[in-house]
Structures are given as structure tokens and as C-alpha cells.
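What follows is chain A paired twice: with chain B in the first complex and chain C in the second.
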Partner chain A sequence: MTGPLIPMGIIGQGWDLVIALLIGMAFGYVLESAGFSSSRKLAGVFYGYDFTVLRVFFTAAITAMVGLLYFGYMGWIDLSMIYVNPTFLIAAIVGGLIMGLGFIAGGYCPGTSMCGVAIGKIDAMVFTGGMFVGILIFSEAFPLIQGIYESHSLGAVKVNEVLGLSTGTFALLLIIVALLAFIITRIVENKVKKVEY
Partner chain B sequence: MTNSNIIDRSKRYTNPYLSGFLLGMVLLATFYITGRGLGASGAIKSTVVATVATVSESHAAGSDYYSKFISDDNHPMNNWLVFQVIGVLAGAFLSGALAGRLKLKVEHSPKISSRTRLIMAGIGGLLFGIGSQLGRGCTSGTALSGMASMALAGFIALLTIFGGGYLFAYFFRKFWI
Partner chain C sequence: MKKAYYIMAVFLLLLGIGLVILPDREHYDEASPRELLSDLRNPSRFISTDKVAEMIIDQDPTLLLVDVRDMYDFLDYSLPGAHGIPLEEILMYKWVDSLSYDRSKIVLFSNSDILADQAWILLKRENHNNIHIMKGGLNCWFETIIQPSPPAETAANEEIDLYQFRKGASIYFLGGAAPVEQETGSQTVIVKRKNKTKVVEGGC
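For the complex of A and B:
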């Protein structure tokens, strides 16, 4: 049963949305149980009082990355059929910085705001409403932004290709970076003034 | 693994490395089954597109942006991400319910008012709405999923979103600490 299952036709398209629901439930459950439904906990990564975001994010990305490489190596998945996000250089950088500003101002990102909404956080609900309006503004102003939006397209390029490394070497380097980050942030966290939330 | 900085309540949160591992497994399963990763902002976008199309179908169809997400076969809301996000709401609710975290409230630093917090949440959401469209995704869809598939876009998203947060953190410190 070589994956990815749905594109390979092993699981019928009709199951698509049921699977989406189930995967979403697992996603939401894990995020909320990690504490990502709390804006003050999330903001901790930027002020040094709580690096949970970093620990979860790095661990998750590496687990999935290594998992995919392993599945590919074992022939369990056809890696060429895996979606690789395309790079539009200027839009990606500017969009990312705007999101960073939104993160520090609002204390949430889309996925975590959903978790906040689910447990009754009114600030998460307002954040979500804000996102709706923001997307509306972007859409209406699109003709003005279209040029930047579509510029500097590099295609679905992979980071290891850009660096001239094999996928395995890159994964190893990322693991080393993550371990260093885990150690350093633990030290920082212990030195930073307590925040009660 | 306890951290003396964090109040007792957090003992009810799962160990972050375990959570990260579980999240990574969910993401891996998602790739294995669908060939794509997770997402979040796209579902809100679908809601916007569907709303605009309901209010004025011609406006939506005539727009270079909205029209990208409208097809003849499917209603904009009838898509993977929307159902995934409905699942996220349900899963988070379940987790919160089991841990006794269900409570209608405005979470804010004691140094600012609820009102201030809500205004900032609105502004933050607005910015994230704009940024996620320009960046073609958010932390879930582009950064996390993109990193797993080794997309350059994923790493750009990671560095600019979190880098951006750190860059502007000093100016927002009064709202958090």
C-alpha cells in the first residue's frame, strides 16, 4: 500500500472529508492539550518565559520530516507525489513579516486561534473575526498587490536543493540545530522573570 | 520535566516534546493519506470567499482573487481544509473539556484591560489575515507542513513569521509582560 493513499486511489475520494474531520480532531486535540489555546502561553516564546511553541514546533516538523524520508526510503510512500509549497520570494517574506507582527499583536495564529475559540476564549474569537476582515481587505485590494503576490516565483523548490545538500544531510543538520535550540531556550527560560498565567 | 517559571496549572498540559512528537505523527499520517499537510488559514479564506459569493456572485466571480477559489463543481466550503478545521474545533473542545479548561473569558495580562486585549486581538487577526494570504499560508499550512516536505517556502515562513515576532516583540512588551 504505497502512499499517498488518496492520490494513489487506494482510498476513495468519498472518504476525503471524513478523513479531514478525523485528522483535524487529532490536530486540535494535540494542540490544545499542549497549551496552544492560551495566547499568553504562546506569546511566551517571544519574551523567554515559555518556549513551549519552539519545543512543539521543532519536534513536530522534524518528526514528520524524518518520518517522510523514512517512509520514502522504505518504499511506503512516493515522495514525488508529496505537495511541496511553491516559493514566491517577495510575497513569502513580506507576508511572513506581517504575520509575525500579527502574532505578537494578537497572540495567536490561525490554528491556535481555533483552539482558543473551542475552549471559550473571547480574545481568540475576536482574533478569528479579525482574520476574516483581513482576508477580505487583501482580496478587495488584490489588484494593487497582484504584482508582488506573483513576483519572484522559484517554483516548488526544496530547501536542501537551494543549499546543495542531500535531504538526509539537511535533516541531520536541522536536528542538531533543534537540539541546540532546546538546550539554549531551557537556560533562557530558567533565567527569565516568572509570568503567571 | 517541570519548569519553575510556570504556574501549577501547566502540569495539566502535555509535555511539549511529547506533543510535538504526536503532532508530527498526525502530520506524517496526513501526508501519507492525502499527499498534503495540515492547514488553517485556508479554511477562513474559504469562509470569506463563500460569504462574498453569497452576497454578490458576480463580484466574487469577477475578482481575480476570489475566482481562484471558486469552481463549478464545488461550493467553496466543500473542501478538505474546512472539514479539517471543523475537526480542530471539535478536538480542541474535547481536550479542553477533559482538562477542565472550558471557560468563556478574555485572556489578558493583568497589566492591561480586557478591552485593550480585545482590540489587540482584532488588530493581530487583521494582520494575520492579510499576511496569510500574501504568504500563501500560515504557521500550520506553510511553516510546519512546508518544513516537513522540505519546501523552501516552509523555512522562509518559519524564519519570517517568528523572526517578525521577535523583531516587533519589544514594542508590544507592555501587552504581555
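For the complex of A and C:
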């Protein structure tokens, strides 16, 4: 058993921010290369003319999922040591709605807006400014919304555990859903009028 | 659509099917509860302080002493040649090489048996071999090796021999010289003069 590298003590804890910075830079580079610094391309997923975002992130998710599960099976990583974000149901739904609304209105998500800023996009700069204002409002108003924020805590649950499925079965189902999504989005893209940007 | 996409889709599907078919190997490298229980009942998992002292004095190359107390206690006092691996760190990757050397006899110790016993269980679950606990820990070490109490006058020879060994070991570990019984007072030497024998007079 060798991974995860930092919790197992192979890499010292002091390195985690340095590694995060390097991975962040690589992630930003890939986002920019894939054209994700364009708000029109990102917003295309809501209007049906460009589903690249969905395809890229779904591919990344299932690749990481399959990779981790096989690494766990081979004994290269201890999956029980991987951090799982705890679920706060109401907060996740409310946060998802706000995030979605911001995504449609602004054309960016937090990571891609930084990519836009890095290449000098003015809309991305405005979006990022708005994001920081949002963070400030959230922080200042936190005592008021703390009840919603912490309600319906489900702990670190996984979807397959909630559905009562084995990890492998859930992984296969998710792969099938992803492949179907890729096919359907391609059909939708072909039917919707092309947008030049 | 490009042909490569179809190939990748089929490849992903096959990987997904593989995950469903493959048997669960989540805990494949841990000792089973049955094995662990059997090892727990085995008294040979304990090793006496006398045996540890003997191995240290003999400079046994297979001995690996592991102090599982925290670093402050380890730096304060520990056995000669011991490695300080706190209980919280015992499963960390950086110690894997030290602890999985098959030819070593790993002896875990703490102040009593409690921490060493916990470390023993953790390592046993990870299938480490040749792991022992110094019975009684450092408290017992002080009672038996550093400050051994003398046996009763009517004690069996084995007990007296053991006490002698412990006294010797105590001197070894405390770095002192062996006590030499001092001769008290000056003894007067009594010279006995032999009586002169008479020379046989006369001759043939």
C-alpha cells in the first residue's frame, strides 16, 4: 500500500500546498488549452450549442473513478484514506442553484474565470470581482445562514452506499450514463444552430 | 465521430465490467480476525526483559528495539540502540522498510504493555512478522534489570543465578564498574619458623 502519498507520510504535509499549486497550474493550462477560458463556450452547455464542458468533466470524473478503483484493487492506494466531502443536503441544493445561476449569467465557473483572468478577458475579471463580493457577503452573513449551511448533515456518504449498490456496479452504471450523455449531447449539438465565437 | 472515440468508449465499458466482475479485495493484505486472535493467544508474542537484556549485551544483530512512546519520552530515556517510532506513526510508509525486514526480531516496548500491545496489533494486522512485546515494558525493565531485588536466602539456584545475571546486566547498562569486595583491616602475617632438623652426625 503506497497511497495516498501525503496521509501515508511518503510526502511531508508541508508540501501539500506546493503540490496543490503545481496541480492548479497544470489544471489551468489544460482548461485554457481546451478553450474553457471562453464564457460563450462554457455557457453553450445551457443553450445546447456546445457540450464540451459536460464531456470534458464527465470524462475526467469517470477516468479518475476507474483509475482510483483499479489502484485500490491493486493495493496501490488505500481508498479508505481518501477524503470524502461531507454532504449537507440543503446547503448543497441551495449552493448548486446559486452556482448554476451564476454560471448561466456570467458564463464562467470559479476555476475557468481564473483562466479567463489569466489571459486578460474583461468579462472574466468582472465575474471574478463578483465572486469575491459574493464571498464577502457569504462570510459576513454567515451567522444568519449558519442554520441552513449546517442542516441535513449526512456525513461523508457515497452515492453507491445510499443506493445500496456495490462500488463496481455503480461505476459501470456511471460509465454507461456518461457514454449515453456523450451520444445524446452530440445529437443535440447537431440539431441546434451553430454559434460562432 | 472519430473512430478513436468508439474505441475509448468500448475500453471504458470493459473497465467498468471488470470492476463488477473482479472479486472484492479491499482487505486482501490484512491479517484475518481468526489469525489475529490466534496470534493474540500465543504467549510467545511476549519476550522477557531478561531475554532483551541478554540480546542487547550479546549485541544480537537481529534485534530491532522499537520504542512506541512519544518522541519526548523516547529522547528522555530509552533502551540502548532502540528506534523511536511513536504509536501514531507506526503504520506510516517511512517505517515500512525498517519494520518489514524479515530477519529482524522486532521488540516493541513502552512504559507498560499498553502502547506496545496496541502497536503489536496494528503491525500484526498489516501482516508483519517476528514482532514481540517486551513484557512489562520499561517499568518492568527498571524493576528487574536496573534495580533487581535480591532473592531470599533459601531461593533455588536458578533464582540466584538469575539475580547474578541481573546484577551484571544492571552494571552493564548503568555503565559502572563491577563492585569488588574490599578486604577490611590489615592482616598480621604469622611467620612460622621451622625447627631446624638436626644434621645426622657421623657417617658411614
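As a working rule, the second predicted complex is superposed on the first by the 195 of 197 C-alpha atoms of A that agree within 3 Å, B and C clash if a C-alpha of one lies under 4 Å from a C-alpha of the other, contacts with A are read in each partner's own complex, and residues count from 1 in each chain.
Here is the rule we use: a contact is a pair of C-beta atoms (placed from the backbone, for glycine too) under 8 Å apart; a residue touches a chain by one contact, two chains touch by 3 or more.
Since the structure is predicted, the reported quantities are computational estimates derived from the model, not experimental observations.
On the superposed chain A, the positions of chain B and chain C stay apart, so the two partners fit side by side. After overlaying the two complexes on the shared chain, residue contacts for A:62 are found with chain B and with chain C alike. Touch criterion met: A:169 reaches chain C, while chain B stays clear of it. Put simply, more of the residues of chain A are touched by B, taking chain B and chain C as the two choices. When the two complexes are overlaid on their common chain A, residue A:109 makes contact with chain B while staying clear of chain C.
With both structures placed on the common chain, the touch criterion links A:33 to chain B but leaves chain C unconnected.
In the overlay built on the shared chain, the residue A:135 is in contact with chain B alone; chain C does not reach it.
Contacts of A:177 after superposition: neither chain B nor chain C is touched.
For the pair chain B and chain C, the least inter-chain C-alpha distance in the overlaid model is 5 Å. Overlap of the chain B and chain C contact sets on chain A: residues 62, 167.
Chain A meets chain C in the complex at residues 1-2, 8-10, 62, 66, 69-70, 72-73, 75, 79, 166-169, 171-172, 174-176, 178-179, 182, 186.
Across the interface of their complex, chain A is touched by residues 1, 5, 9, 12-13, 15-22, 24-26, 28-29, 89, 92-94 of chain C.
Those residues of chain B lying in contact with chain A across their complex are 3-7, 10, 13-14, 16-17, 19-38, 40-41, 43-45, 47-49, 52, 63-66, 78, 80-81, 83-96, 99, 101-109, 117-118, 120-157, 159-169, 172-173, 175-177.
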